[in-house]
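Multiple structures are listed underneath, in structure tokens.
Look for chain A in each of the two complexes below; its partner is chain B in the first and chain C in the second.
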Partner chain A sequence: MLKKALYCSLIFLTVVFGKAEAALDIEIVGGAAQQIPIAVVPFAQTVSQNDSLAAIISADLRRSGLFRALETRGVVNQPHELAEVKFSDWAALQAQALVIGKVEQQVNNRLKVSFRLLDVLKQSPLAGLEYDIAPSQLRMTAHKIADVIYEKMTGEKGVFATRITYIVKQGNRFQLQVADADGGNGQTVLSSTEPIISPSWSPDGTKLAYVSFEKKKPVVYVQSLVTGQRQVLANFKGNNSAPCWSPDGSRLAIVLTYAANSQIYLINADGTGLHQLSHSSAIDTEPEWSPDGKWVYFTSDRGGSPQIYRMSTLGGDAQRVTFEGSYNVSPHLSPDGKLLTFIRREAGRFRVAQQELSTGQVQLLSDSAQDESPSFAPNGRMILYATNINGRGVLSIVSADGRTRQRLSEAGGDVREPAWGPWMN
Partner chain B sequence: MKKLIAPVIAMILVSACSANKIKEEPKPAPAPAPVAEMPAPQTPQPAKPQPVAEKKVEVNPLTDPNNILSKRSVYFDFDNYEVKSEYRPLLEAHAKYLVEHQQANITLQGNADERGSREYNLALGQKRASSVKKVLSVMGVPNRQIETVSFGEEKPKALGHDESSWAENRRTDIVYQGEK
Partner chain C sequence: MRMIRQRENPVMWQAGALSLVVHGVFFLLLVMTFSWKTQPAMQVAEVELWDNLPVQKVTPPPAPPKPEPVVEPKPEPRPEPPPQPEPKAEIQVKAKPPVKARPEPEPKPKPKEEKPKPDPKVLAKKEEEKRLEELKRSMLAEDDAAQIQNQEVQQLAAAKNAQAQQAAALSGALDAAKARIVAKIKRYVNPQVCGTGKPVVDFGIALMPTGEVIGSPRLQKSSGIAACDQAVERAILQAQPLPIPKEPELFASFRDLSLKFRPNDNN
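And now, the complex of A and B:
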């Protein structure tokens, strides 16, 4: 009977792909105490490209809070090959590492991008790679190079080549967008005059599930970012909302008011196999799958105020996870499953909090008042969330240690409901 | 025989209706359904009880500003979905109208202020719609006449970012079918 209500119609969208029109502006505050000084020499770019690879790489590294990108223009000799490097120049600038590279036009209208990461003190190469790309992949290649540098210098995997999704409200228009993790290269995935909320990435980064009000009530859709095609995942009686993918991508947790109040259901990614997971007379919403696939964390007011609970994906009793405060919502887990980030209301302010699950210790990470929708970067080092500055929605990124903060905003628009995408292969 | 009985029943029902009317205003056309199922009499004038269209001369109690039925909003406290007792007279009036007009249907639209989680606010709006529905059900309104929907914080009526706007948006609206 439930299945009857499930429409799996394929709908073509009012969607344009490949247009790089939107761009979020970035602002960075703070940084780690020990920053690695690095010099990224402008690449030899033989073709007329709008994006300077060196500028993108430098900005990426700077945004992590772990690097200090040095000004290189004062150095007369600007090397692009290993043989051209005069290490004493860069030692004088107190650079610990040096990045050089070039972009070469190839006959088949493709580009060859190559770079080298060099240790200035040891005067030795640390890394070097070549990429054969289409011209449209230039920005993403710069992010990939930044990832290689980040990993080589910090020992951790970088997230510069990942993507984020968010909703932009401009006038009466709602746009679901996907952009590079630095807010660049924004592309509209769906445009609507009705609200869109709660985008959620599939674990392989090829699809988004989201909630659209275009049928005058909340309905859950799944849309391919490869083909642009989408289908209704859940359009049952009442509200359909809060989609979250299982770590293996085979199922989603969703929230329905099918029976009465908002309850959590599990459904296969193809829309079959719906069954109810939570059974309470309270609000149960915002399901979040644990990375090991065994638990669903969620928000519930079953104890009188909204708090975060978890229950086995096989069902059973719920365990309460947050205890302090009278309003803890929007749970999201770090990729290693050890940290929980959520929104806590305290003294009338809604702020990003982080709880260590083994100890229950909570740290408030943000300093603003209207924060929403926190999600971890795939390496667990940063948290992306929405906040409000002077009545306008902007995105913010805070490092998990709370030291570095960035702000991404779009001129003339409200940006909200962000979600950080996974690593792509 | 039938031809005679139908108008008589219709008249009895209509007069029964107007006997316990809520205010002075005449009812907006619709007569009880059974009448419509009878074979219509040949004479044209009593033969049109079915269309819901109101007579221009009559005042619709649902929109008459002097009628309590024109009041449609129930307001709530922050993060709360309890219907306050002050809304009892309002809900009693709507319950009475719905019981007397079995063909009238309503949608209860729950809303929340902009603060906090959008998904939690969507659930909260649903609870606010459902708790109004519960009160109306207790007052005798059949479930089939009531639908509930939540807009969460997505369709704010007041656009400010202050307590008065937030208070205005913590609300369930009673919307009759055909209204927008």
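And now, the complex of A and C:
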């Protein structure tokens, strides 16, 4: 009886609903949202752990320009477990995604970090991972969590767990440092009373090439970040400068005044096989490999003013790349090889510019006056550069679309010549 | 005795419970079917009313002038219709479920077509009362009828005009409602995660009268970029409740929506 009645009513309902009209078509063109609103609840962690994971994760996501990290302190119920989550709290905060997690002390002085990424609107889990780490890896773990969140929400690989290098001058000492992509956790690789310049990452992220003046002249060194060992790569007659690794890591492009004026040379990573690539009577410098390894982009004043050119790694004629403006230097290519970032001087100001190589269209990305050394993040979404504030070099990041600019926290000192490192495997 | 009583009690209790449950279920079914009927009924009946309404408007005016003296019973049903502007919805609701409601809507359609006839009938009755003046009466009646027909034609034209205006107003209201929904969802659509191409994403949604999405949006056409599809879905969900029209005859059109997104296009 009962079943029959239910069955009948079910049939009735389907008949009634079956009569529903065809769906109304509505077209929605464009979109006004620029950022994904996300709430990162402070992780359950003990006081002895200095860095707040939630703060690091929020800052990472915010810096990308693609996320709006929401203030969570106003929410009374601060969950750390899935069972404690009250989704309506976070929906009321207009969050689309929620991150919760905790840090637990383990035996043998290790930490267990766990987190969950939740879809607030669908009230479902999106991701969740556990990390077994040493206490010193806490910051990097926060960056890794930010990467997981970034990739889950945007479909692109995050760059928060990558590293950057730069030169910092404190007093009369020069230090080559490597830090997290947010500028935190800086470690000194080399310290010298003589200038250090032009650091360049090996494609696998395990080595740095740089120029040191410790022998009272510029010499190119390669140093392992794993063992700390270093070797001279180029110490030829005259100046040795501006090293840049080829994408496969087998060779470097360097600049020598070996014959006369500054010219670009190629040299094997072990220091053998030197040969001259550019042959001009002008100054050719700042070589930069294209991601496909076929071209070397460089700065030259062969046309009267400093402009960016490129030439095949097999030699041949150089092609001019930048045409607008009277001063374009320091080329760096996006990982997909489609964009070129560089420094343009215009009306006495040095600013970060970006050129679409297929169209030649140029966009100025920074709004400051003394910017230098722009380099793309490995996912091409952000550009790291140094700018001068109150006579001091400071690290800055701008999103490749120019919408978000942010200064990185830095330990102090005069920071110069940053370079964004690759993804580590 | 005890044994029997003990057995009887449980049996009685179970039977009572069962009957209560069954009654409860039937009551629930009654309530559910009733409340559900009302909504679909509105939509289904909408089309029918569409045609009926204007005609109904025509009838009331002619009725009051003539019948006053003679035929009271007939005019009565007509005077009721006059409040028709509102009934659009009510009639639809009543049309199906309650039996009482039916008599009202049914008479209306018939009278409309027979409108010209009632007048002759009136005359017929008058003839019975005053046979001497048959001819005069009939002549007069014909004149009256002619006049009335004239009036009706004019009123019909006016009604058609009104109908057209109403249709225009409705389609205007529909467009306005669409625009409100587009504006609200668009606020949450994030093209940042939709690549550099021109992706198109289609989602189908069913709505409650409150503007809340029933269940989850159905992906009808993917952009090929999972993050983009998800971002669009989040935009739909975050835009809840959608600003759907309150007018029942309009809401019916908004129960099922097919949303087509072109996040990277600018308009």
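Note that in this section the second predicted complex is superposed on the first by the 386 of 425 C-alpha atoms of A that agree within 3 Å, B and C clash if a C-alpha of one lies under 4 Å from a C-alpha of the other, contacts with A are read in each partner's own complex, and residues count from 1 in each chain.
Keep in mind that, in the parts below, a contact is a pair of C-beta atoms (placed from the backbone, for glycine too) under 8 Å apart; a residue touches a chain by one contact, two chains touch by 3 or more.
Since we're looking at a predicted model, the values are computed, not measured.
*Asks:* Examine A:D25 and indicate which partner it touches, taking first as chain B and second as chain C; both and neither are also allowed.
*Replies:* Second partner only.
*Asks:* After the superposition on A, what does A:Q35 contact: first (chain B), second (chain C), both or neither?
*Replies:* Second partner only.
*Asks:* Could you look at A:G101 and tell me whether it touches chain B, chain C, both or neither (first, second, both, neither)?
*Replies:* neither
*Asks:* Which of the two partners, first being chain B and second being chain C, lies in contact with A:G393: first, second, both, or neither?
*Replies:* Once the two structures are laid over each other on A, A:G393 reaches no partner at all.
*Asks:* Check the residue A:G271 against both partner chains and state whether it touches chain B (first), chain C (second), both, or neither.
*Replies:* Neither chain B nor chain C is touched by A:G271.
*Asks:* With both complexes overlaid on chain A, does A:P418 touch chain B (first), chain C (second), both or neither?
*Replies:* In the superposition, A:P418 touches no partner, neither chain B nor chain C.
*Asks:* If we overlay the two complexes on their shared chain A, which of chain B and chain C does A:G155 touch? Say first, second, both or neither.
*Replies:* second
*Asks:* Please report the chain A residues shared by its interface with chain B and its interface with chain C.
*Replies:* None.
*Asks:* Which bits of chain C are touching chain A when the two form their complex?
*Replies:* 21-22, 25-26, 29, 32-33, 36-37, 40, 43-44, 178, 181-182, 185-193, 204, 216, 225-228, 230-231, 234-235, 237-238, 252-267
*Asks:* Can you list the residues on chain A that touch chain B in the complex?
*Replies:* Contacts found on chain A: 195, 197-198, 213, 216-218, 238-239, 241-242, 255, 257, 260-262, 283-286, 299, 301, 305-306, 327, 329-330, 343, 345, 350, 370, 372-373, 388, 391, 416-417.
*Asks:* Could you list, by residue number, the parts of chain A that touch chain C in their complex?
*Replies:* Its residues touching chain C are 1-2, 5-6, 9, 12-13, 16-17, 19-36, 66, 94, 96, 119, 121-122, 153-156.
*Asks:* Can you list the residues on chain B that touch chain A in the complex?
*Replies:* 79, 115-120, 122-124, 126-127, 130, 148-152, 154-155, 161
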